[in-house]
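Before anything else, here is the set of structures, which you'll find just below.
Here subunit A shows up in two complexes: once beside subunit B, once beside subunit C.
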Partner chain A sequence: MVRYSYFPGCNLKTNAKGFEETAIAVSKKLSAELVEIPNWNCCGTVHTLSTDNMMRRIAPVRVLSRSRKHIDTLDEETPNEVVTLCSMCNSTLKIVNDEVKHDHDKLEKVNYQLEEDDEIYKEDMEVKHFLEILRDKIGFENIAKNVVNPLKGLKISPYYGCMLLHPDKAAIDDVEMPSVLEYLVESLGAEVVDSPFFKLCCGSYQIVDEDRIVDSQVTKIVEAARKRGANALVVACPLCAYNIDHQQKILKEKVPGKLPLPVFYFTQLMALALGVPLKLNHFEDHHINPKPLLKELGLSGGKK
Partner chain B sequence: MSFEYIKFGKEEKDFIEKIEEISGQNVYSCYQCGKCSAGCAFSSYMDKTVNQLIHLIQVGQKERVLAANTHWVCASCLTCSVRCPREIDVAALMEAVREYQLREEPEKVKISNIPKEVLDKLPNIALVSNFRKKTE
Partner chain C sequence: MSKTQIKEKEENETPMVKVYIMGSSHEVPASLTIMKAIEYAGFKIKRGAGCRAGFCGACATVYRKAGDYRIYAALACQTQVEDGMVLTQLPFVPAPKAKYDINKLSPTGNTILQFYPEVARCLSCNACSKVCPQDIHVMDYVQYSLQGQIKKAAEESFDCVQCGLCTIRCPAEIPQYHVATLVRRLHGKYEMKSPDTLEARVEEIEAGFYEEGFNELMKLSKDELRHKYFHERDFIDQKKA
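== the complex of A and B ==
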């Protein structure tokens, strides 16, 4: 059993409980346990693209420094890596980590602020998304071996969104032609449905004051997947999940007739396939209930 | 072909310099190929496309740049930045225009105007990122 220092980020405790709980359960089954950093703080969600705003770089560096301290309390084989589930955290932490490693002036300024809390970042951390751990450390063959409940009948369209792949230094896979979600979905026994809009931005934070933009993006993403025969989408970002899930419900009321597609986090699919208790999925938080689809396909009864 | 005379004095040069300083990008690297606008998921919502906005920055037309909605429609998905053949961080230029404006008027989104039920319903990841991009 390898234990990893795990950074949840702001949403995994509120809207995306099912994402976190299934990820932790699955990680234990695969002998790569995610252990939460005890005193983490929000990374700031989006990274500042300005060069001169140091304040917005403090939170992510603090996460790295606290994760490093956390690793000292774990095992000897625990790597100097902080593992994220949210793709926005993945991108923000990776960008800032890269920035301070290459710009000592910036690091010094941030450390000056961290010192007040008796913390310091020594450039000795790497940031990994859980999908990278699944692919590179655990391996899809190993995951396939642990499947007790193959997801037969699920036709999944992988939706990467932007922050798993952008910018280059935060990309977990090929920027224009990723495959990690496809391999994962296949190893769980489900069918992959390719869609051209796998990384068309969902509109992200525009949901707050420009939801018409999000509506049109969600329509494009879901329609493209549906036309190609998908009956569900898989995502890795709590904001993509909320936008696609919630706005489909709104759109359904506006334009009746088309059945919405349920949205799963990749760890929820893994939990279903690896026989993790169904309640950890927190399907009650979803706006498009995935249960009828799972029931129809005989996938909601746990072990067969 | 139409053309117009524009002013290009100290004020214009100062604006360009400030945008370059905030973004860390050289705006004259852009040769107007339009790949950013072609790949942008939100071009249809913009009154100036991304490369048009960059052109206006190149010639220092501050009023026209700030009057456009381009940089506010941008959702920082960074597709333009990873595809730019001149390796310009295009999204950083959009951020620089936002920042330029926010440093004068710090609230593009007035949090107090958002209805409580909307605030209650939205996930914190949406609120934090929106306020980070649209308030100073």
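== the complex of A and C ==
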């Protein structure tokens, strides 16, 4: 059992509880337990593009420092890595980690603010998305070996969104031909449905005051997947999940007829396949209920 | 000044220090707290003094020390003066305080953001924790509130005396101590088990159990009340009973 220092991010405690709880449950099944940093703070959300705004870089660097301290309380074999689930947190933390490692002036300025708290960052951390741990440390073969309920009948279209693949510094996979979600879905016994819109922007924060932009993006993403035979989507980002899930419900009311596609976090699919209790999925928080589809395919049993 | 005079001074008087109160210098005994020093210097504190025992948070004070660039903050009633201190009182902190009906809320991060949206502006700079005279991890509880971890936020903020120093220092303009009040109310109302003894006592009060005794007291004259207060009240007897 390897224990990892895990950084949740605010969404995992609010809108995406099912993402977090299933991730922790499957991490234990795969002997790579995610252990939450006890006193984590905001990742800094959207990374600032102004190069001299150091205030906005304090939060992500503090996360790295606190995670490093947390690792000292874990095991000897715990790597100097902070593991994230949210694509946005992953992206922001990776970019800032890279920035301060390459620009010592910046690091010094940030560290000056962290000094009094005894939280100086010593450039000794790496940021990893849980998908990277699954691919590089655990391996898909190993995951496949642990499957107890193969997800037969699920035709999944992987949706990456922007943050997992952009910018280069934060990418976890090939920017044009990513494969990590595809391999994962296959290892769980489900069918992969390729879609050309796997990284078309979901509309992001336009959801706040311009939701018609999101509507148009979501329609493209979902229709492309449906045309190719998908009956569900898999995502890794709580904002993508919210936009695609919630706006399909709105669109269904506006344009009746087409059945919406349920949206899963990749850890929820893993939880179903590895026999983790169904309630950890928090399907009640979904706007498009995945349960009818799972029932139809005989997958809702889990391990009773 | 002759030598003998100096010697007399050393023997008979407590050591003095020089402090600056709102810019003017004053010699005060070194053993005093900041609050007593201000009064010793002749100021009357009308607002900015309360319990004088470190519990009420009314006496937030901001100061610098001689030859030190840092800004310090403390409770005036709990901190001893030092030579060269430059002092001022912070008798009141203007901070927006939300109005809500605690019975109509839910213990979530969204509730916090509804009433205190500026919480989302937190930069994690930790200036609030550094200034806190109670040594509370203020930034951590602000983060827990944002994350919807109401229980953790309530427990972390429990020792707050609402002096308001965090709010004055915050670059994101968050009224931390009011956020803390909201999270503790949410935690108390929706997450904690209500103690049976308290419910029983409230029922007794509502049923009029103490009505008669209070009415009797209200009818007494000032002298009779004084007699009861000084001569009939006996805590030891009450314990035995």
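Rule of thumb we're sticking to: the second predicted complex is superposed on the first by the 302 of 304 C-alpha atoms of A that agree within 3 Å, B and C clash if a C-alpha of one lies under 4 Å from a C-alpha of the other, contacts with A are read in each partner's own complex, and residues count from 1 in each chain.
Definition applied: a residue touches a chain if its C-beta (ideal position, glycine included) is under 8 Å from a C-beta of that chain, and two chains touch if they have at least 3 such contacts.
These numbers come from a predicted model, not from an experiment.
Asker: Record, for the superposition on subunit A, whether partners subunit B and subunit C clash or fit.
Answerer: These partners fit in the superposed model.
Asker: Looking at A:T267 after the superposition, I want to know if it touches subunit B, subunit C, both of them or none. Which is it: first, second, both, neither?
Answerer: So A:T267 meets neither subunit B nor subunit C here.
Asker: For the combined three-chain view, what is the angle at the C-alpha centre of subunit A formed with the C-alpha centres of subunit B and subunit C, to the nearest 10°?
Answerer: 80
Asker: Pick one for A:P238: touches subunit B only (first), subunit C only (second), both, or neither.
Answerer: First partner only.
Asker: Answer with first, second, both or neither: which of subunit B and subunit C does A:R56 touch in the superposed model?
Answerer: both
Asker: Looking at subunit A, does subunit B or subunit C touch a larger number of its residues?
Answerer: B
Asker: Looking at A:T14 after the superposition, I want to know if it touches subunit B, subunit C, both of them or none. Which is it: first, second, both, neither?
Answerer: After superposing on A, A:T14 lies in contact with both subunit B and subunit C.
Asker: Per the contact definition in the header, classify A:Q113: touching subunit B only (first), subunit C only (second), both, or neither.
Answerer: In the superposition, A:Q113 contacts subunit C only.
Asker: After superposition on the shared chain, which partner residues are touched by A:C201: those of subunit B (first), subunit C (second), both, or neither?
Answerer: first
Asker: In the overlaid three-chain picture, which partner chain does A:W40 touch, first (subunit B) or second (subunit C), both, or neither?
Answerer: Only subunit C is touched by A:W40; subunit B is not.
Asker: Taking the superposition as given, tell me the minimum C-alpha spacing from subunit B to subunit C, whole angstrom.
Answerer: 6
Asker: If I apply the document's touch criterion, which positions on subunit A are contacted by subunit B in one structure and by subunit C in the other?
Answerer: Touching subunit B in the first complex and subunit C in the second, residues 10, 14, 42, 44, 56 of subunit A appear in both lists.
Asker: Considering only the defined contacts, which subunit A positions touch subunit B in the complex?
Answerer: 9-11, 14-16, 42, 44-46, 48-53, 56, 86, 88, 162-163, 165-168, 175, 199-201, 203-210, 213, 217, 238-239, 242
Asker: In their complex, what parts of subunit A are in touch with subunit C?
Answerer: Those residues of subunit A that touch subunit C are 8, 10, 13-14, 39-42, 44, 55-56, 58-59, 62, 113-114, 116-117.
Asker: Quick one: which bits of subunit C touch subunit A in the complex? Just the residue numbers, please.
Answerer: 108-110, 122-126, 129-130, 137, 139-140, 143, 146-149, 171
Asker: List the residues on subunit B that touch subunit A in their complex, please.
Answerer: Checking each residue of subunit B against subunit A gives 21-24, 41-42, 45, 73, 75-79, 81-82, 89, 91-92, 94-96, 99, 109, 114, 118, 122-130, 132-134.
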